[in-house]
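I've put the structures underneath this note.
Shared between the two complexes below is chain A, which has chain B as its partner in the first and chain C in the second.
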Partner chain A sequence: MPDILRFRGPALRPFLTLAVFAIAFALLPQYATGEVGTANIANVLTSFAGIGLVALALGLTMIIGEYDLSVSSTYLLGGMLAVKTGGDSPVLGAAIAVAAGLLVGFVQGVVIAKLRMSSIPVTLGGFIALLGLVYVLSNSKSVNYSDLKVTLGLNEPVLTVFTERSLIAIGIFLVLAGVFAFTWLGRDVRAIGSDRKAARTSGVRVDRIVIGTFMSSAAISCFSGALLAYSLAYATPNRTVAPLVFATTAALLGGVSLSGGRGNPLGIGCGVLCLAILNEALAVTGSAAYVTYLVTGGLLLIVTIVDAPHLLRWWRTTKAAENLRAGFSGRPPAEAATGGAR
Partner chain B sequence: MSTDVATAPTGPGPARTGAGGSREAATRGAFYGAIAVFAALILYGAISTDGFLTMTNVRAILSSVAFVGMVAVGTALIMISGNLFSLAVGSTAAAAAMIFLALLPHGIVLAFAVTLLMGVVVGAMQGFLVGGIGANTIIVTIGAAGLIQGVALWASHGATILPPKGDTSFDWLNGHIFTFAVPIYILFGTVVVLDQFLRRSRFGRRLKLVGENVEAARAAGIRTAWVVIGAFSIAGGLFAFAGLELGAFNESGSLLIEGTQTYDAIAAAVVGGIAITGGRGSVWQALGGAILIAMISDILLLRGYSEGIQILVKGVVVFAVVVLARLNRMRAES
Partner chain C sequence: MTENATAQPAAGTQPLLSVRHVSKTYGAVRALDDASLELASGEILGLCGHNGAGKSTLVKILTGQVHPDGGEIAMRDAPVELRDPLDAQSKGLAIVDQELALAPDLSVEENLFLGNFDLSLLRRPGAVRRRARDLLSRIGLAVDPRSPLEKLSIGERQLIEIARLVGRDARVLILDEPTATLSENEIERVFAVVRELVREGRSTIFVSHRLDEVLDLCDRVTVLRDGRIVASRSTADIAHRQELIKMMIGRELPPPQRSEAAGVAVGAGAAIAGLRVPPAVADFSLNVEGGQIVGLTGQIGSGTSQVLRALAGLEPDARGGFTLDGGAVRLGAPAAALRAGVAFASNDRKGEGLFLEKTVEDNLVATRLDSLSRLGFIRGGALRETARRLVDFVKVDGDRIGDTVEHFSGGNQQKIFLGRCLDREDVKLLLLDEPTRGVDVAGRAEIHQLIRQAALAGVAVLFASTELDEILDLSDRVVTMFGGRIVASLAREETNAALISADMTMSHERKEVAL
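Showing the complex of A and B:
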C-alpha cells in the first residue's frame, strides 16, 4: 500500500493541526471584529502560492536530514532573474531562474554529498554569496516587471477562490506528493534521512539522491521566486530571513523533523496552509507589523522546542539531579520534615 | 590547544592520540594556509589599491574591526561549543543600540548595565534551548531574531531612537587614544581577557570538550547544558556590546543598524580558522578573521565596488574556507 494511504500517528498530525487552525479561523468573528468569507480563502491560497513552494524546497532537504539555508537567497535570485530576463517571454525567464537553481543546487549538493559535509556551513556560504549576487544583479534596487498581462493573468481568479498562480503552486505540491507516495524515491529519501549509513549499505544511491534533492530544492525555490515576482510585477533585494522563518515553521508544523527521515509534501502543504491562515487572521484583525514578527518568531520557537530531541531528557536529568542532591544532603525532601522533628 | 584537552580530567583517552595527532597537523596546515592568504591579501591590497596603506585607511579598517571583531568573538564562542553560529547577531546588536540610547536619560551606567544584561539574558535563553533540550541552533536563533525584531518594533513604535539632545556622556566611546578609536582598545582588552579566561578556567576546557564531543562530555559528568548556556550568554553580551558601540557611533538606533553584521561575524570566525564543527579555535583567531574580513571590505570599498559585490565576495570566501578546511581534514585523516 502506498505510504500516503497509511494514515496513522505522525502522518496524520499535520492534517489535524490544519483542522485546528481552520476551525479557529472560522470561529474568529465570534471573538474579534472582522468577517470571514470566500475572500479570506482566496487570500490564504494567495499567500500559499507566494511562499509555500519555499517551504516545500526547504522541507525536502530537511526530510533527508539536511537544512538548506540558501533557500531564502535562491528565492530572491529566482525572482530577480525572471524579472530581468523574462521581459519578452515569461516562460524563458522562469526557465532561466529554474536553470540557475539547478546549477546552485548541483554545486552545493555535490560538495555536501561527495565531501560528506554538513549542509549548514556549505549552504551558509551559498546563502551569503547568492544574496550578494542578487544585490549585484539588481544594483541594490527594486526591479519592475513590465509585462502586465502576465501579472494580471497569474492573479486572475479561477473558480472564485483560486488564481492561476495558486493552482501552479498546488500542482507542484501534488506532483511531488505523488512522487513521494507512489515511487521508490519517497521511500529512499526518507531512508536517507533516518539513517544514511544504513541506507547506503542497503543499496540506496545516497549521493545521487542528496544531490538531486538539493537541485530540486534550489530549483523549486527559484521558480517560486519567479512566480512571486511575476505576480507582483517587481522583484526586490531584501536581507530579511523572513522566508526562512516561514518555511522552517511550515515544514515543522507539516510533520517534517529536523533530525530527518520524516515528512512528505502533503504534510508540508498543510503546514504552509496553517501559517497562511494565521497570517490571514492577523490581517483580518488588523494586527500591527510587530505582532506578525512576535507570532511567527514565537511559533517557530514553540515548534522547535516540541521537535527538540532532548526535551524529555532535560526534564528527567533535572529531576534526577534534584533527587541526587537531596540524597547527598542525607535527607530526601519528603523525609526532611520528619528528620527535623526527630 | 590540544594540551588543554589532554590535561582536562575527562580528555579523550590514549586510544585517540593517533586521530588527535593528524587533526593537529590538519589544524596547523589550515593555520599556515590562513596566514599565507592573509599575507597575500595585504600585499595585493597594498600594491594594487590607491590609498590602502595610509594612516587614515588603517584607522578606518581598525574602526570597522572594532565592531566586527566583537561579534566575531561572540560567534567564535558559539562555534567552539559545537553549535554552529547564531543568526540573531544583527538583531541583538540593533536592539542593544536602541535600548542603550533609549536609556541614556537615566544615566550611562544604567544604560550600559541594562543593555549588556539584555544581551546576556537573550543569549542564555537561546543557549538553554540549544544546549538544554537539543533544539537546532539555526532555527532557535532565527526565531529569536524574529522575536527580538518584533519586541523592538513594538517598543519603539517603529521609530529611530536618538540620544537625548546635548548628552555627552557617551562621547568617550567615539573618542581616540593615540589616533585609534576607543572601541578597538575595548576589543583588544576583551580578546586578551577572554583568551586567558578560556585557557585557565574550567569553563574554557569544558567548552572545547563539549564542542569536540558532546556525548563524551556528558558521559564524563559535565553538565553540558550549562556550558552551552555559558557560551551563548557571553556571546549575547558581546553582541549587545557591539550594538551599544554602534549606537553610540551612529548616534541613532534602529533595526536597520544591523547591516551585514551577522554575515560578517560568521565569515570572520570561519575565515579565522575556527572549526565550524566545534571543539577547536581561539578568540584570537576570530580577531584575525575579523581583520581579514574588514580588509577585504575595505579593499573592495576603495576600489568602488558595490555593497552587493562585497557580500558576494564574503559568501564565496566562507564557501571556499569551509570546503578547504574539510578537504584539509579529510587528507589528514586518510
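Showing the complex of A and C:
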C-alpha cells in the first residue's frame, strides 16, 4: 500500500466507524426482525449516490476552513438546469449544470478569497439567491424529465448492488481521493485549513486554491443534483436545507474538522456510508422517522465528543495524574531523593 | 553621533547583501531613514534597537513584505527588487518569524516542502522522504519525517522552519526574535544550527531584544534608533550589554529602582498550598504577601506558566488550596478568580489579551465596564475620563487614545495590556506571565515601574519570567521551578544569576550547593 494512504491517528477513525457500522448491519438480523441482503446493500449505495457528492462538495470547503452553505441551492440548481436543458442530450444538460456550478463557485470564491470575507455570509447570500433562481426557473413547481431511457439507464443494476449512478459517484470520490493522496494539491488544501497565514507565507497559492475549492464544490454539487434529477425523472425546488444537514453530518462523521485542516475524500465517503447504513438499518427494522433523527443526532454528538481536543487532553492529564501518584515522571532523581524545595 | 553608521562587514570581504540608503515613511512617521548596511557571506549580524526604532520595517523590506520609498537592495552587488515574500525567498532572503509559518495539521515532511514549486504535481513519497531526511540531518534533528508537526516542541518546529528555508537555498536567514518562546536547551540547539549554516557560507541577521544572546551569537551588531542606523560594531569590541543598551537608547539606562514599599507587607496576600496542575505542576506551595513581588522562574516546561494560569482559574484540572486575603478561591473558575481580586496578564498578549482591532480606550477600560456602568448602561463621561487617566498612567501617547492597538509597537501594546490590570482597587493579586516579552530595554524599565507601583499600592504580585535580568531586577523573592516543583525559594539578596541558572537546570554544581 502506498505510504501516503496509510492513515494514522484521527484520520483512521472514519474507517473504523464504517467497519463497526458494516459489521453491526451484517449482524442485524440476529438481534432484530428483518433481513439483510444484497437489496439492502444496493439501497445503501443508492443513498450514497444521492447525497454523497453533496457531502463531498461541502467537505472540501470545510477542509480549507470554510463552510459552503450554498451547496443545498446548487444541488437544486444543477438538477433543475439539467432537466430543463438536457431533454435532447443528457450530457449537455449535465455540462450546463456543471458550468453553472463553476460560475457560482468562482463568484463566491473570488469574493471570499480576494476580499478576505467569511464564507458564511457570502454563501448564505448565495444560498438564498440561488434558491430564488431555482424557483424562477421552475415556476415554483417540480419539472419532469422526459428521457426515460436515461433514467432507467442510471438506475440499471450493475454487478447486483451497484447502479450506473452509484458507480459515477464512487468514481468521483476516488478521483478526488487520488488528488489528495498522490498530488501536492491535497496537502496544500489541508495546509490552508490548518493555518492560512502560514500557508500563504510558505508560498502556497492560497487565493487560487480557495477559489478552485469553491468552484469544485459548487460544480460537484450541481452535478450531483443533475444525476439525482435524471435518475428520478424530475427536479424539484423544494428540498431546501435537508441536503446541507445530511452533508454536514456525513462530513463530520468522515473526520472533517469544522476548524479546517483535517479530512479527505475517502473519510467523507466513509461518513456518507455510515449514515446510509444507519438509515437502511432503521428502515429494515421498521423504525419510525423520529428514531432516525434521534439516532443520527446522538451518533453525531458521540463522534464530535470523541474527536474533541479537550477530551484527549483530559485523558492525557488523567494518565499524568496517575503518574503523579506513582511519583512525578518529570522529577529528577536527585531532587526526588532530597525532597524538593528548600 | 553615529559610530560607523554605514554598517559594513570586515574589510576585504565581498558583501552578500547590501542595503543602500533605504527609507520608508508611514504617514508622518519616518520609520526608516537612509539606512545602509552590508552583510558578508558567513556572517551573523545582530540587529538591535528599541521598539519603534525601525527594525521591523527593515526586516519587512528585506523580506518583501513592505516596499521602500527610496534606496536600493543588492545581492552580491546586483540590485534586486523584492516584490513579495516569495520573491524575496527566491532571491535568497528568508525569515524565521516568531510566529512560525507551519501548518500544525500536516506532517513534518509536508511542512518541509509546503509551497515548494520545485516538486512535480505528483507526489513521489520515496524521493520526498529522502530529501526530508537529508534536510533534517543537516540541522541535526532526529524526527520521523512522517510525524505530525503538532507533536513537536516549539524549538523543534523552529528548526523545521529553518530546514525548510535551507531546502529553498536561503542565503540570508533573518531570525526575528527566535528565542522568545524557547527553553535554554532549545536556544542552544538553534544557535548550534545557525553556526553550522554560517560555516556553509550562509549569512544570518539575528533580531532580538535579548542582548546577551546577541553578544553570544553574532559577529557584528548594528543598532537602529529612531529609524536611523546609529552604530555598527564587532561584538568582540563590546565588553558588556550595558554598552549595547547605551547605543540603543543614546544614554545610560538608570539602575533599576526598588520600590520603597517593596517587601513591606500590606495585606495578607495569597496563600497557595499543594497546587497540582497535571501534568505540568506536581506540587506548588507559596505565600505572596500584599506589597510583595515574587518572581517565578524556570525553563520552559518547568510549570511556571501553568501555576499562574491555575491561579487565574484557567486550568480546569488544577487542584489544591488557594486563599486570597484569607478567603478561599475556587480553582478552575476564571470568574471566581476575578471576583476574588485576581488579575492575570497572559504571555500571549495578542491571542489572550488585547483586542487588536479596538482602540486604546476600548482596551484600557475593557476590564472596568462594571464599575463604569449604572443599571447596565455605560457612563460615557466616566469611561473617557478613566481611559484618559490610564493612558497617562501607562505612559502611552494620549493623542493616540482613539487609534487601534494593532498599530502600536510591541512595548506600547504590552503597556496597554498591563494597564487593564493595573490601578484597580479590586485587584489583590496580580499575575503576570512574561510581562516584558518582546519589549525593548526602555519599555521594560517603564513596565517594571508600573509593576512596582502596583506593589506599592499593596497588591501581591506574582510574575513568571525566563529572563534572569528581569527576575533579579524586579523580585523581592525568587522562586525557581524545575519539573513541576519548587526547587528554590530565596530572598533577592540571597541569590544571583549563577545560582538561579543552576537551579533552573538542576545542574550538578547547584545540586552540590543544595545538598
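To be clear about the criterion, the second predicted complex is superposed on the first by the 286 of 342 C-alpha atoms of A that agree within 3 Å, B and C clash if a C-alpha of one lies under 4 Å from a C-alpha of the other, contacts with A are read in each partner's own complex, and residues count from 1 in each chain.
Here is the rule we use: contacts are C-beta pairs under 8 Å (C-beta built on N, C-alpha and C of every residue); 3 or more make two chains touch, one makes a residue touch a chain.
Everything numeric here is computed off the predicted structure, so don't read it as measured data.
Looking at the superposition, the partner that touches the larger set of chain A residues, chain B or chain C, turns out to be B.
Once the two complexes are overlaid on the shared chain, A:L133 sits against chain B while remaining clear of chain C. Contacts of A:G298 after superposition on the shared chain: chain B is touched, whereas chain C is not.
By the touch criterion defined above, A:D195 lies against chain C but remains apart from chain B after alignment on the C-alpha atoms of chain A.
Applying the stated contact rule after C-alpha superposition, one finds that A:G125 touches chain B and leaves chain C untouched. By the document's definition of touching, of the two partners only chain B reaches A:V245; chain C does not.
Of the two partner chains, chain C is the only one touched by A:F182; chain B is not.
By the document's definition of touching, of the two partners only chain B reaches A:M117; chain C does not. Once the two complexes are laid over each other on the shared chain, residue contacts for A:V204 go to chain C alone; chain B is not touched. Contacts of chain A with chain B, set against its contacts with chain C after fitting on chain A, overlap at residues 314.
Residue ranges on chain B touching chain A, taken from their complex, read 84-85, 87, 129, 132-136, 138-140, 142-151, 153-154, 158, 225, 260, 263, 266-267, 270, 276-277, 306-316, 318-320, 322-323, 326-327, 330.
For chain A in complex with chain B, the residues that touch the partner chain are 67, 69, 111, 115, 117-118, 120-122, 124-140, 237, 239, 241-242, 244-245, 248, 252, 258, 288-294, 296-298, 300-301, 304-305, 307-311, 313-314.
Within the complex formed with chain C, the chain A residues making contact are 2-4, 9, 181-185, 187-188, 190-191, 193-195, 197-199, 201-204, 261-262, 314, 316-318, 320-321, 323-324, 328-332, 334-335, 338, 340-342.
Across the complex, chain A is touched by residues 85-86, 89, 97, 99-106, 110-111, 113-117, 119, 121-123, 125, 129, 146, 148, 164, 276, 278-279, 282-283, 317, 482-490, 506, 511, 514-515 of chain C.
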